[in-house]
Each structure stands twice: as structure tokens, then as C-alpha cells.
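Below is one structure, written out as C-alpha cells; comments come after it.
Going by the order they are written in, the chains are A, B and C; count residues from 1 in each one.
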Amino acid sequence: MAGFAKTGGDMSGVNLQGLVKAYGAVQVVHGIDLDVQEKEFVVLVGPSGCGKSTTLRMIAGLEEISDGDLTIDGRHVNRVAPKDRDVAMVFQNYALYPHLNVAENIAFGLRIRKTPKDDIAQQVQEVGGILGLTDYLERRPADLSGGQRQRVAMGRAIVRRPKVFLFDEPLSNLDAKLRTQMRAEIKRLHKRLGVTSIYVTHDQVEAMTLADRIVVMHDGRIEQIGTPMELFLNPANTFVAGFLGAPPMNMITAQIVAGDQGPVAEFGGQRIVLQPLPSLQNAVGKTVTVGIRPEFAKAVDDSQPDRVSIEVDLIETLGSEALVHATLQGAPFVIRTDTVGQMEALGRIGGFTVDAHLVKVFDGETGLALPGQVLNQ
Amino acid sequence: MRRLSLSIAMLATTAMTAPVQAQDYPIVDAPLELSIHMHWPRAQGYGVGGDTSKIYPVEEAARAATNIHLIDETFGKNTKDSGEAMNLLIASGNMPDIVGGHLIKQPVNEFGPQGAFQPLNDLVDEHAPNIKKFWEDNPGLKEAIAAYDGNYYYIPYLPDGKYGRAYFIRQDWLDALGLEQPDTVDELYEVLTAFRNNDPNGNGMKDEVPFFARNWEEAIRLVTLWDARSSGSDTFHDFYVKDGAVVHPYAEDAYRDALANVAQWYEEGLIDPEVFTRGSSAREYLLSENLGGMTHDWFASTSGYNVALEGKVEGFNFIPFLPPASPSGRRLEEHRRIPIKPDGWAISHTNENPVETIKYMDFWFSEQGSLLANFGIEGEQYEIVDGEPVYKDSVLASGDPVNAQMWAVGSQIQRGYPQDYRYEWQWTRDSARRGIELYDQYDLLVDQFLGVAFTKDEQAIYDRHWPSIRTYMLERQQAWVLGSGDIKADWDDYVETLNDMGLQDVLEVMNAAYKRQYG
Amino acid sequence: MTGLPDTPSAAGSGRKAREVRKPGRLQRITEHLRREWQIYAMLLPTVLWMVIFLYKPMYGLQIAFKDYSVFRGIANSPWIGLEHFETLFNNDQFLRALKNTIIMSAYGLLFGFPVPILLALMFNEVLSQTFKKSAQTIVYLPHFISSVIIAGIVMTAFSPSAGIVNTALGWFGLEPVYFLTKPEWFRPIFIGTGIWQEAGFQSIVYLAAIAGVSPTLYESAVVDGASRWQMMWKITIPSILPTIIIMLIIRIGNILEISFEMVILLYQPATYETADVVNTFIYRQGLQGGQYDFAAAAGLFNAVVAFVLVMTANTISKRYSRTSLW
């Protein structure tokens, strides 16, 4: 997957340098640095109000850039009108013209640019074909389903053959099933067209599934940039750790103490063995946050001696796997576990074990991951 | 005071007739309450300013005198439109004993014969000696209020005084140009031409408006200077009685020739070119801007400008002058005060005490009642001096108009009563009094056409034709004055069209009703 | 239930079933009312208002066919059939007034209808909020001035001696015209006055419609490269087209409702030829004394014509633009 980010180089893609958005005295985006490679699919993700949409709109030219530099395809475009930036945007609520039919909606951008009629017709047909809209070209948006409307919205973007696609939460108006389906379609489309794409969403699942690289944003700042797996396995801080992954990473406040074979996290009389890394050893005596992904904790029964004891509240079975909702130190603790052949064992869960290298330790004050803990895929 | 008593003597035609005091008061021994609807422009209800919780002092005095108490039961207090209030009242089917106020003649005469009101002829004859005497002293009035069935159904408010409007001219302009007051229509033409050409206001501009009027109908009334007529009553464009028959002035040959002259004057700029749209502010504007030379308007209000504009327009002197004589030598003041109003009060069919009620109505025609109805309370608003009611200084010198003061105590309101001109004369300005005296030296007035009461069939014919005919007459009239079309050339077609539209049918029902009513 | 109560076999069982269900339905309705009574309570004032002020007066319409006397009341006044209508149509002045009404309405529609739309589009393009606010206030203002004052302003403006119009004509060396007595000038003046008085206020509806257009439509168009002019033509106008059509249908329904006071205030016998409309005609007819029945006949005729026009306009609109009042 990461193979997409192969070409590199400053002359293509989208480059953001110290991008700032301020409304009067209030700064909402505090200087974003981001280099999107040509053909790369980058997803900006973060909770609402984190500045991701504003950043996207600055790239599109719908918001003025207060400070910093934006280059698209090597061209400095801070002051360039949206239409001359050679970008196309797909909006959350589709932005379809209700008085135009599908073909006309797709053709809108081309007609504005005075493309010859025959070309328009041909391209609309082509795009309609790509998106499976051929049978609906004569319909009005009001007569389409949500998924179809979304496709038309993408068709409008595709038909212009821009250098960059910008997606502003394009799937958030769809129901869960359609969203999954459309997600796959977008992914496929990107593979086929290979156009640089910047995609904004608040949904970490979309981010994880779509992105070549994910940019996690929070309060107008970038928290971390990386491939989905990098971010999943090696979150730079508790925010990223808590934001990516479903269910999110379990967090336990603990004290690092020196154990027999190295550092141990201790809390409420229980212990978790940590990796013998220098950074952890140096942290003995400090308060830290210990992060354990639900997927990495292994549920065990009372007989396991080196387990961490938990109190199971509820077990949600999801078919092939189950979520064990438990309480640890008064906080919820979730374990994802397999079900096949283990249904009987589920009833006897009394704790969990975890491999030391799968435990993430964050600084108790700054929330930053202590250095050196790299988990390879 | 000398002038006052002289004038009173002079005016002692109608109101000064000594009422017969044949009635015994109080009318009833035990107090009798009668409910009343009294809706008129100044008060929507029988109480001070329409506030029925405030009983008029005059009503208190009348109660003391007659033992009859009027209790307010006015409908439509939330509308100022008395006609609408009357409709509400009648449609409610719940009528108070007495129905009075503004513009009651038409509904009373329409619904009286249908049974909504009691005919008053016999009641008055038998129980109302003062009213009866008033009818005898003023022939023709009783007939004028009759409904088509020959009965009359209301006791009207009977205004006093003869003169309404008069011709006014800028005497200082005449003096400036060295001209005499015009005595004939030809002289008037010369004067107005001089006003137009010779810059009487001395501002170096030819901006004078020789003749102007607040109502454009007054420009049409100039036809009376050539022996034609414009109306037979104080309503514009009304029928008039000529040699015992009702005719319409705008269908008479005299009108053709006279209106041609008016059109000529208009074309020459002797009549305000904007007379049709200048509207009610014309007089105020043209006089205060020192632009207007002559008009035909109300004595009282127009004579006020000499005071109002004193010092503002240098030498301003706008005074009444006699109607100029027509080529045949006749001086005519067509407008006069109507002696009988469509206002007053009636006895509804639900009234169980018609005799007491008519006696009560008669009270207001007695000397005591008439004084109450006209002047307020003796000792409060007026004193009797040498047998004459004279307003106290506190009334005359008060900043408020005398009529408003009277309305506040319950006098001069629109009940059925004979108005006494001595009331108005006492607060009429000297300049207006002089004008009235001037006019009174001549026989300038003509009899008024007081209207007729139609039967249902007559009314139907009248309603079908007359509004359209009237519209057509006015359209043509303005067109001729404005110069589109020549009245003399168009006249035969015009008359033919009027007849096609049914003018003869209208005149026929008019005359039938007139004969029936006035004999 | 089979859902086929028309088939003979199903009819019997269907009816039976319905009888069985009946108390249930009643119960459901009561239950529904009990649960949602607040909503119905909120609806009630409007329903009452409609019944009292719109439906109840319809009872009075019958006086158009009666020889109506206020004293006798509606029920006791005798029927005379279509006599009032005959009188109406045998009157040349009524026919002239009808013609004038239609002509003036048509002109009013032709010239008056687009102006508020244009105004709204113009306001929408204004960027300076201060300028927009003050301009809107200025054009709304005449709406709040009474007709009497408006008429006074018009009369003054068109006065031959002091009016601004004739003064302006004077600058070009033209003779003053006594506009208000010229039949050929009445309609332009009347319609112009109406536009001046109402266009600003009417533009509010369109401004509201424009405000309702999703901003992303414009953003999307901006990214697509549309100019402001293109956005107005390709987005704003098509988006408010349904509003425009609805307003047009309503306007057509009121086609015979010429502003009666304004005509009364501005017309002269000299201009009756072009100025007299049905309502002023009725007004003058009625002057002679409470001819309510006759006026009701003319009013009913007005309403019937308006109804037919609205139905027609609505049907046409429904068929061709998929927008309609109902």
C-alpha cells in the first residue's frame, strides 16, 4: 500500500507549508506542514472542529489562506482562483444542482469551461460508465438514491480530469452499508485514475481503509502523519492512539517500577511486564499511561498466573469475534477475542495477558509515546 | 354687541320662531330609561367623545327636565363608519329604543317601510307640538325626509344659517393693479386675465393662479356665471328643480354654452391648470405662497386666512365679493347650507314607549331643549343676556374651538334638533360676518333640491342607470374642460348618449317621486 | 387482509373484518389524539380562523343571487337568480372596467412581476453589507407608507407646475404634460407606482428563497470555475424557479385585484377611460346606497375568474415545471 508514495519530489502533488487560517484574532489552523505526493491518497482525519475541513477548503481556494504557502503541482497558488488551481472537489451533501439531470450535473464544470458539446457528451458517457450511472443520466438528483447522488458528485469531479481531487466528508450522509460499499468504490477509482487525492473525514475507519497516508489532526494542528498501519501500531501520542482503531486503545495509568527482567508497569497491585528498552528503564518511578490495543490483549481464565485481573461486565459477540467489556482500575477495558471454538471459554474470562512488545507506554504528562517503542508490521 | 343683535334680528328667520310650550314636563313621573344607538364622526356612543361612562352634562339636564334617561347601546363602536355601524345594528336584529347619529336617512327610509322603524307622522301630530310647529314654519322639510311610502321615520338634525361658500378675491391684488372688484362675468374675465398677465404678486414671474379651488367641482360651478347650474344641493353634481320639474344641470342647454366658456377660461390659464389634482391643500398652498387670486369656498374657513397670513404675505387681503352678474344680469350663489341633514334620530320598532319617546324628541325643539341642544348648560357655557343666549367669555376665549366645547358637554351632537345660528354667529370672524351681511343684501340663493324617496321599483331603475350616467357626464365634462373635445360640437351626441343610457327613465322616476313627495 | 375487497369472495370477509376493526380504529384515533393533542391544539387557532373568517362568510355570498335587505337578513331576502349578473353585463361601463382590469393586471404582471426578482438577484450580488442593508431599507420603505401618501407623492411628482417629472422634461425643452388627466398616461403611472411601492417588499420572498440555496452549490461551482454571472444564471435562478412559479400562480390568482384605493386616489373622470377598474366601478355603483347584493355579484364574478385563472396556471405549471400550489 505504501508503494503508492513512490515518486516523491517537490515538483508534483500538493505542498502545504506553515498553512494558517485565522478569522480575525482567532486562529483555527495553526500552521500545517504537509507534503502530498503525486497520485497519493491522503486522508485528513480528526474530531469535528480540528481544522481538517478548513485546511481542505484552503487547498480548494474556498477559504483564503491567512499565512503560509500552498503549492499544487509545483505552482504557488495562494492567490490563484479556485478554478485555476486545477482541483475538483466532492462535497458532503453532494452539491448537485436539483434542476439539472445527472448528465447535465456531470457536464456542469465542462460547460462552464466552454468545452465543445461533442466532447462533453463523450466524457459524460465515459464517466457515467465508470461510475455505473449510464442508466440514470436522464434522471434528476431528486430521483436518485443517496449512493447514486454520491456517485454523480464524484462524476462531476472526475470528468474535469483535475490534478487533485478533494473530498470533504463525502460519505457521511450515507448509511453504514452504503458507506462501506462507496468506500471500496472510491478506493478502486483512485487505483484506476491515479489522481492525487486529499480526503477529509472524521471517521477513522474510512481513514484506515482509504488512505495511503493518514494525517491525524487535533485543535488545528497535525498530531501525526503516517501510513494507517504505522499510526495503528505506533501512535505518537495518546490522542492518536485513542482516535484510531475501533474499539480504541485501552489506557491504564500506571507507575513504572523495576522488575526482575526489566521495567514493569504497576497499578493497583497488578503488573504488566514492559519491554526492556532504555527509555522505559529510565522512566522507572514515573507515572505513565499504558496503552493496550483490544486486539493485542489475550483473554485468559483465572488459572493463568501472570494475568492481569479484570472484571467482565459484558460480552458482545459479533460472529467470528467478540468484544469483552470489562472494568480495570474503575475504567473500561475492552478485549477483542476470537469466538470460534472458544465460546465456552468466554464465560470464564478472569483477566488478560499481553506480550511486552505490544504494550505502548506514553508519558503521563505529555501523552507522547516514550521513544524507542517501534512495532513493525 | 350692536352688530350681533342686528345680525340676530337679520337671521331671525328660522330659529327665532318662538317654540310653543304646550308640553308638560317632566314627560313621565317615574324615571323611564330608553336605550340609544348614537354613532357619529365625533363620538361612537352616547357619552363624552364616545366614552359612555361619561354622561353629558346636557343629558343630565335633560334627565332632570324630562325624567327620561337615555342609556347608551351603540353598535359598531370600533368603527368610525356610521353606515357600517348602522348595518351591524340592523343585521343584529337587536335594536335599541332610539337609533340616532350620522347618515341615518338612507337606512331609516329603506328599512322603515319594512318595519324596522316607527312612522312618526301621527306621533308628531298628536304628541309633539314643537316639532309640528317647526314643520309648519318651515314648509317642505317634512316632505324632504319622507320615505317612499309617504311616512317619515326620523327627526333630523336641522342646520341653521344660509350661507356656505362665497367668492373670495385678493383685494390687495386688485389694488396693486388698479382694478375694481369685478361686478359682472365680463369684468371677472378682465380681472383674472390681469391677474394672470400683470404680475399682481410682484415677484416678476408669471406664476399667478387666477382662479383656484380645493374641489375641482368649484371650477365647474363657474358655469353659474353664465346662468347654468352645476348642482341643486350642497352635494356636487346633484339634480335641481327647474320650473317645478326635476332636471339634471349637466343635460341642460345652458350648461353647454357655459361649460364652453369655462373650458375657454381653463385653456387661457385663468383657472388653475392643476385644479383637478391640486386637492384639499390648494387653498393653503396657493394663498400662503402668494399665488392664488380668487376662489369659491366656505365663508368661515376662507376668511381666516387674513389673520393666518397677516405679516407672512405682505398686504394680504382676501375678501368675499358678490357673485359677478351673468350676461343676463343675474347674480347667483348656488351653494348654500342645506336646511336638513341626513343625521338625527329615529324610533325603532322595538320601542315600547313611542309616545314618551316622541315627547322626549319634541323636548329638544322646545325653548328649553333647544337652548340645551345648542348652547350647553346655562350658567356654565352661556348666560341669558337681554333674552339672548350669550356664550361666557370662558367659552369664547378658550383655546378650544367652540364647537368642540359644545360636543364635550353634549350640545351640537347629531341628535334630531333645530340648530340655532346664534351659536355659530358668536364665534364667526368679523371678516366673515361682513361677507355674510354683504351677501344677505341680495337675493342670491336658490331653493335647494332636498332629494326624493323612491319606491322599490323607482330605486331599481335609478340604481341601474344613474351611476353610469353620472360617470359618463363627469368623464365628458372633464374632457371638455381639459380641451379634448369641443362641447358645442359634441353636444348632440352627448345628449343622445345620455338618453341611450337611460337619463329620461331616471328623470321620470325622479319626477314621479318628486310629485308624490312635494305635491 | 387480502387487500382485495372488490373481489366477491373477499368482500364478505372484508366487511366483517372492518366491523370487527371499527372500535379498534376509534380507539386508535382517541389514542392518537391523546398522544398528539398539543399538535392539534396548535393547529386549532388556524382552523378556527379559517372557518370563522373564510368559510362562514361564504354563506353570505348567496346575496349575489338575492334582492338583499340588511333588515330582512340573508335568509329572508328573496331570490332573484342572475338578475344582478345580467345588470352587470348589460353595462358598458362594467365591460370597460373589466377590460381595463385585465389590461392593467396583465401589464402589472408583465412589468411588475420580474422587478422584485431582479431586485433580489441584485441584492444577492451586493457584497457590502452596509450598502445592502440601506438599499433594502430604502426599497422596502414605500410598502409601509399608506396609499394616500403614496398617491400624494405621485400627484406632486407629476404635477405640471411643480412636479419633478415635468421639471425634468423642462430641462430637455419639453412642454409640461398634465399627466394625471391623460388617459394614455394613467396605466404607466399606476403600474410604475405599484412597482415602486411593492417591488422592494416583494423581493423579500425571493431573497429568502435565495438564502435557502445550499452554499455548497456555489462553492462547487466556484471550484468548477463558474463566474458570478454564470452562478446567477445556472444556480440562483434555477434554484428559486419554484418560488417564482408559485408567486406567479398566486399573482395570477389576484389578477383582478387591482389596488383599488390607489386607483380611486389617482384617477379622474378624465382618465376613467383607461383607469376605471371593476372595483372602482362597483364602488361608484354602490355609492348610491348600500347595494351589497350587486357588489357581491361583481365580487363573486371576480372570484370565479380568479379561481379559473389559478386552476389553469397551476395545471400548466404542474405539467411543465413540476411545481404547483397543490
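Note that contacts are C-beta pairs under 8 Å (C-beta built on N, C-alpha and C of every residue); 3 or more make two chains touch, one makes a residue touch a chain.
All values derive from a computational prediction rather than experimental measurement.
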{"item": "Distance-maximising chain from chain B - centres being C-alpha averages", "value": "A"}
{"item": "Middle chain, criterion being Cα centroid separation", "value": "C"}
{"item": "For chain B paired with chain C, centre-to-centre distance based on mean C-alpha positions, whole Å", "value": "41"}
{"item": "Inter-centroid spacing, chain C versus chain A (mean Cα positions, whole Å)", "value": "55"}
{"item": "Chain centre separation (chain A, chain B; CA means) in Å", "value": "92"}
{"item": "In the complex with chain C, residue positions of chain B that touch it", "value": "83, 87, 90-91, 93, 106-107, 110-111, 114-116, 207, 273-274, 276-277, 279, 462-464, 466-468, 470-472, 474-475, 477-479, 482, 484"}
{"item": "Chain B-facing residues of chain C, complex", "value": "69-73, 87, 91-93, 152, 155, 159-161, 178, 180-181, 268-270, 272-273, 276, 284-285, 287-291, 294"}
{"item": "Complex contacts: residues of chain A adjacent to chain C", "value": "60-62, 82-84, 87-89, 91-93, 95, 97-100, 108-109, 112-113, 156, 160, 166"}
{"item": "Residue ranges of chain C in contact with chain A within the complex", "value": "214, 216-217, 219-226, 230, 234-235, 238-239, 241"}
